[in-house]
Amino acid sequence: MLDSAKNMKTSLIRDEGIIKSASVLTDEQVRKVINDVLKNETGARLKTYVDTCVHCGLCSEACHYYLSHDKDPSYSPAGKVKQTMWEMIKRKGDVGTAAIQRMSEIASTECNLCRRCAMYCPLGVDIAYIMLVVRRICNKLGVTPTYIEDTSHSHSVTMNQMWVKDDEWIDTLQWQEEEAAEEIPNLRIPLDKEGADFMYSVIGPEPKFRAQLIYQAAVIFNAAGLNWTMPSSPGWDNSDMAMYTGDHEIMGRVKKVHFETAMRLKVKRIVMGECGHAFRSVYDMGNRWLGWKMPPLPMVHSIEFFHDLIKEGKLKLKKKFESPVTLHDPCNVVRGRGLHEMARYIVGESCEEFIEMHPNREHNYCCCAGGGVINCGPPYRNTRVDGNRIKAEQLFAAKSRGAKTIIAPCHNCHGGLEDIVEHYGLHMDIKFFGDILYDLIEKPE
Amino acid sequence: MIGKEQWDWNPGRKIITDLGKWKEEYGYMEEPAVSPDGEKVAAVIKTPEEEFGVCVNGEIWESTFDKICYLQYTPDNRLTATVSDVGEWTVAVDGETWENRYDYMWNLHISADGSRIIAAAQKEGKYLAVNNDVPWENEFMFMTDLSVSADGMHTSGVVQVVPFSEGDIHTFRKGCYTTAVDGRTWENNFMNVWEPEFSPDGKHVAAQIRKSNYEYSIAVDGQAWNNFFGCVWKPRFSPGGDSVSAPVRVGGAWMLARDGEIIWNKKFVQLWHHAYSPDMQHIAAIVAPKFGKWTVAVDGKAWKPCVDEYVTDMVFSPRHNRVACIGKDNGRYYVMTDGKKWDEDFDMAWKPAFSHDGEHLAVKVEKNRHYTYIVDGKILRESYDMLWEPVFSPDGTKLLIRGITRVSGQKEQYFREVISLNQI
Amino acid sequence: MHSIYNFVSGPMVWVAFIVFIGGCLYRLLSMGILAAKRDNVIFSYASPYYGMRSILRWLTPFATTNMRKHPGMTVVTFIFHFCLLLSPLFVYGHIALISESWNVSWWYLPDSVGDVMAFLVVGACAFFMIRRLKDPEVKYLTSASDFVILAIVAAPFLTGFWTYHQWPGYSICGILHILSGEIMLMAIPFTRLSHMIFFPFTRGYIGSEFGAVRHVQDW
């Protein structure tokens, strides 16, 4: 065993897929791939970050993993870089097949790429970027956690996250349209309507597990009298786990289809459901890999969209949501797009009582599901739940001041918070803005 | 099929119907579809029995359905759609349905002459393509990316041939997908196959493939090129059908390769949607010469004007090797052609259309929720509430306008109008 | 002894400055070229306004959340960097030497102030060292090189302080003072001390990304 492997925490690798994939690897392959990525795919950014980091540890308290593990330094942002990228560089890639498995776990499941630490490091070192480079190296070696790798495979085949087949997608939309038309006669989910004002795109889990969200969106758009469409072809999904495995090529392919679908439909913008990581993918990552400085069409997250609809008077609310709410700020649309005040505007307009959790806005703690961690599946559920005790404490504090419902305008946050609420016995409801607005708006007869 | 020559090319406007009346009568009307010659307009409506029907120029199809989807006209002016009744799907053409029924049908394709209608189908979890009501002999556990040869005689799709359970990443990596052409699969499987494309004669098929996580290439009739790349985009056969070219990614930059070898020795930040000129002498592509700058390159040479957001809908003229596309810059849409960007900007612009002789260029554009055409750089005087894309007369002297105008209150007149180009 | 003094205060000074300035230019230039080659995307996102907004914010004591979370560290860091950068430029001894050689001079610090500043730098270094030894999160990241760097930084101030007070062996200390100052200068471009030259870039870049692209503040 190479000695860098000995330095690793002795915990066993939890993912069978990682172990199996690593079993056919050689130390030489590991060395080659690391050096190849370091030499040919990274440049000044990585080098500057590594050379400039003064090992001061000031980023530590940014990280919920660190805080939740009683300040165990191996969970601090720079601590994770030390165990991964510093080792790779120091040993010129010679870290071996044993260590690379643990490195994959650290980068893929012990960091949410939430970028909170970038706001705490005085030098502005972007740890999330470094972790993503580690993930890419691991992905090139095939040692990515199984569940998320499978999701990335789904993206590559179906252009969506959940192996939803072409016909299942259209069928689901028609089914939701039918159901919704029973509530609101002649309601439509217009498919492939060329020249509509916007295309509505969602993430794979919506048709698969949460089809009612599409129903609700249709009702809301209908109530606001909007001219919208959804595509009947692949390209409807805006989600992206390939971004999080470091497989930029599949990320690019999936984003290309998404944007080109909107271009084909001649819509002026894309409105997307309440998802955070997908926003990062379309706004920040996928577009860049394809050569678009900004998204080629405006990407409007539901928070911004609902905010505008309410502000412009297009959505009228009959009453306010009565039970006291708190708001979880999803990293990818807050640190990723600054939508926190718009979210508070919607809360203000739609809820009777709002209880802030602390810290909040751009300083909010991640849900610990983000960055693809929840997509690494059951083997890492406890990594997430134990790694975010601090969130449970934060929620508990909000709860003791009266909050009963958590509004989390992001799918991953929902998943992550559900597990936390359950594990720590918090007994709080979790809702999307869509859930709340759907109940409150004046619907056409 | 009636050729374009036989259409009514006499200048003048003909009001076909008042769509406002349909809405009033049925209370429900989907987006209308219009025939290429503009003589007919159709839309899905709801009958008083709460069934879906199709209304064509005011008449409704005899049969009604539970669902109607993909309503569209074929190039030879027949009206088709996928329809479902009691949970079964089929295709209807001018109101007559096919014999075969499936659990689901979607993704209608129509051959260039309109003679063939093809759809993807699924029955009991098995997937296949159906061509003029004739199904593939073989069915697959999964199929996507249906494509059709120019004459409509052949169909292909990406199919799964090796089963694996969700989460089995190791079987997946061994290669479980291939292309099926008319239902028969290629010999080789790959990790991924994308967007099969037929040769002009319909005899060969090329597709993008991924052999392993990071090895991409093009396979022609199942045989991968000798060279692998960091990534590839959709391949094209040369018009003669003797070679295949595709954008490939080398060292983080995009280049154009033919049969595995680089042919444009020029690197781009992005390069895709390449196309051959009809005379086979030139290749044009949408490119990003610099990060965040988009334009068209012809034979590897990028046009000077670039736009910041995107370029789409690039087309070659049928003659004279002219190229046109739509560019988006700072939220506005522009027509770009022959290395220049036209001055007028729009809220939206559709695919450019050249006349057959390549002399004229017309584009449907939108401004302030009104639609019009810009022809050879000049905007039509009139604008409309709705407009379909322009069609040139075969001699290139006239233009067919198909549109809707809203007149006083409820009236929504669908009309066809022929104008001569020198009128503009 | 005299010849050693002559050497370190003559040719060696030149060498040190050439290595320092040349080294900084080299590092910046090579990083710039590397960036142009492989990360040229970052140039498109560089925003002078948001970059500066972030840099200035992080140069203002207690202006960021993290600084407020660590008041002790913040006070020490600011005093440390302030004294470290200013005292060499404005202590009387340095200005006197320069004026002797080139006949140029500028405002200088009263001796006692310079003295206190040197003391503060050394004290801050001691604080950093204790932090590295005691704080688990810092200790975890610390390697031998971090102590070497601390020593490199502390040495010129410690020796300067010693010499100024004419404590025993102060003449040797004077030579060591010059030598260690030169070593520090030469170390800047090639060790983690290079954060001095890269700070505006890393901070400016993250500031641009947060401010101009993501419309959010980074502090």
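Should a chain be cited, it is by its letter among A, B and C, assigned in written order, with residues numbered from 1 in that chain.
Basically, contacts are C-beta pairs under 8 Å (C-beta built on N, C-alpha and C of every residue); 3 or more make two chains touch, one makes a residue touch a chain.
Keep in mind that this is a model prediction, so the values were computed, not measured.
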{"item": "Pair exhibiting more inter-chain C-beta contacts, A-C or B-C", "value": "A-C"}
{"item": "Most centrally placed chain, judged by C-alpha centres", "value": "A"}
{"item": "Whole-Å gap between the CA centroids of chain A and chain B", "value": "33"}
{"item": "Computed distance of Cα centres, chain C from chain A, in Å", "value": "39"}
{"item": "Centre-of-Cα separation between chain C and chain B, whole angstrom", "value": "62"}
{"item": "Chain A residues counted as touching two or more neighbouring chains", "value": "41, 293-294"}
{"item": "Multi-chain contact sites of chain C, meaning residues that touch two or more partners", "value": "38, 41, 44"}
{"item": "Numbers and ranges of chain B residues touching at least 2 other chains", "value": "252, 291-292"}
{"item": "Complex interface listing, chain B residues touching chain A", "value": "27-28, 30-31, 46, 67, 69-70, 104, 106-107, 120, 122, 127, 142, 144, 160, 166-170, 172-173, 177, 191-192, 194, 210, 213-214, 216, 230-231, 249, 251-252, 269-270, 272, 288, 291-292, 294, 308-310, 312, 328, 331, 347-348, 350, 366"}
{"item": "In the complex, chain A residues that touch chain C", "value": "41-45, 47-49, 51-58, 60-62, 66, 71, 73-74, 76, 78-79, 82, 118-120, 122-126, 284, 288, 293-294, 334-338, 340, 362-363"}
{"item": "In the complex with chain B, residue positions of chain C that touch it", "value": "38, 40-41, 44"}
{"item": "Residues on chain C engaged by chain A in the complex (per definition of touch)", "value": "31-32, 34-35, 37-39, 41-42, 44-45, 54, 58, 64-66, 69-70, 73, 77, 135-143, 146, 192, 194-195, 198-199, 201-207, 210, 213-219"}
{"item": "Touch list for chain B against partner chain C, complex", "value": "252, 291-292"}
